């Protein structure tokens, strides 16, 4: 028994996440469905692509991630099953899985056929969840698949942009904190931020950066919104000064 | 084993949906609870009534829908258990279930008593969920019940209004797409929309209508918000031009 | 088998609640996780402290509440396990649990150590959920613990402030309705409100107060938002006139 992990831009308000989860739970009742994220920035594949890997180590080997940020649904983009080290990922082949793929020590992927009965607009429910359910029940894609690819042309190793703004106003950056020296400073909006270990270290109200609980660089202000203070949101760039 | 399906205006932010779901899970641990919708437009019974049927076929025979949009809670409105073809529905008798009831090939309904200990304001937790749990455990309402009714006086077969605006800004219309010719046009706001098969067919940014993944007419714009572009929201009318 | 109950300010949009719930479900698969609240007002310990007790009796004896509103996470504040009558509570010792503690007939608490591997910013996932999971599996904190404390200096028996505004615009007050005479009036904003039994009793559109389904005083307007009508939100004071 293991876990399905949902990572989408389906929106917490809307019924799509529950519809997709229902397919999984109905097909594989003894697996857990972790409804991790429904608020990945919509349409913004690159932001989600650099956010996703930060959550991967938190889930056990054998987990199956169902990842859907899919503005091209119904069009010519491919669908894939990706095996990256010990975990599976199912989703559109539009970039969303490419950072996980590129960073894996061992990665292979397979193209996934779209069943004729699938709707044109909801492949999460009609293509990706059924494929994830089949994987959970032991199905494996045919053949050896394709060797995992490097990052798409022009994509950086680390993305110095806001990839997610949480409801506190904390700003997650698409950069692994382990790539920075502790004394690195980050230019964000019109300010230059240094590192704090934890929120209350900067009770003076100055914005700071810290290593978030999933290993990303994150910008924050003690008991206030960094998003408002810095005037930044998803997609906006920051600059590392080393 | 089958499924409870929640369809309410309880709000995703608020604790009400979880409180109601907890009653169901505690009473019938071996059924799944599909937390489908908590954001049906508040107070707007007709909108929810035409939205609900689009989700019904997605759930297995024997499923029990707990449906609560209930501005008259605690007042004189009745509560009902409805059997519509192969599924059960529990909720207030205020119109919310009437489109499902009218469209069913075979429908019967029974009035539901309000337990004396029920709160005056939260019948989802205190009346509807307990009744749904009893149904799941095999209880059946007494007697043959009442024959399913036609639509309420003045309600149309299809509702040419926005019944839901999702977080992308897509606008669901209370009309089954199967009632339209593929070349039908829809006047929405100041524009006239024609059909597209999928989002990327109209990458030019023109709004269009399409058959959504639950069979309703839906208005959309590729990678943009139809709600903003058309200036429309829940309750606003559109006009089919055939 | 019993229930974990989540009560946090983690935000419904964000992944934190799911990350914490996943730890619980993975560790204790046969318990239910009731995802009660993720929208307790952020940073506002006193508001959450007076809101929490209203939900407690709804959950069975033996339930374990995981309560996290924790602006001082990573700093010097303590973490505690609280036994209050028949239920357990795990969370920061920053005031959030103090109303439950003070009102319990029998309360004891124990300090909780922070594992060295815990992140500095997400004790919900790394400290409180693991402790709750251990409790569920039979672990008990060592020694007799400390005797439950009275309310913190200066905290009132009942808090005449808005502790939560729901998405309808209803305003929950931090006062148990049983402490008021039925004919009590409440000054809120510029209006003076009297009691109604249920929403439709005041179909005239006048704001009123009523006993909510969890026993708190709540301000509401029939089919409208009391928050907008009264110009009040979380933290704002009201005044009981008796």
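The chains carry the letters A, B and C, assigned in the order they are written, with residues numbered from 1 in each.
The criterion applied here is as follows: contacts are C-beta pairs under 8 Å (C-beta built on N, C-alpha and C of every residue); 3 or more make two chains touch, one makes a residue touch a chain.
For clarity, every value in this text was computed on a predicted model and none was experimentally measured.
Participant: Looking only at which chains touch which, which shape fits best: line, ring, star, complete or other?
Facilitator: It is complete, because no pair of chains fails to touch.
Participant: Between 0 and 180 degrees and rounded to the nearest 5, what angle rotates chain B's CA atoms onto those of chain C?
Facilitator: 120
Participant: Take the average of all CA coordinates in chain A, do the same for chain C, and state the distance between these two points in whole angstrom.
Facilitator: Using C-alpha averages as centres, the distance is 31 Å.
Participant: Counting only residues that touch at least 2 other chains, which ones in chain B make the list?
Facilitator: Answer for chain B, listing residues that touch two or more other chains: 12.
Participant: Inside the complex, what are the residues of chain C that reach chain A?
Facilitator: For chain C paired with chain A, touching residues are 11-16, 18-19, 21-22, 25-26, 29, 42-43, 71-75, 119-122, 125-126.
Participant: Looking at the complex, which residues from chain C come into contact with chain B?
Facilitator: 1, 3, 12, 32, 34-39, 55, 58-60, 166-168, 197-201, 210-213, 222-223
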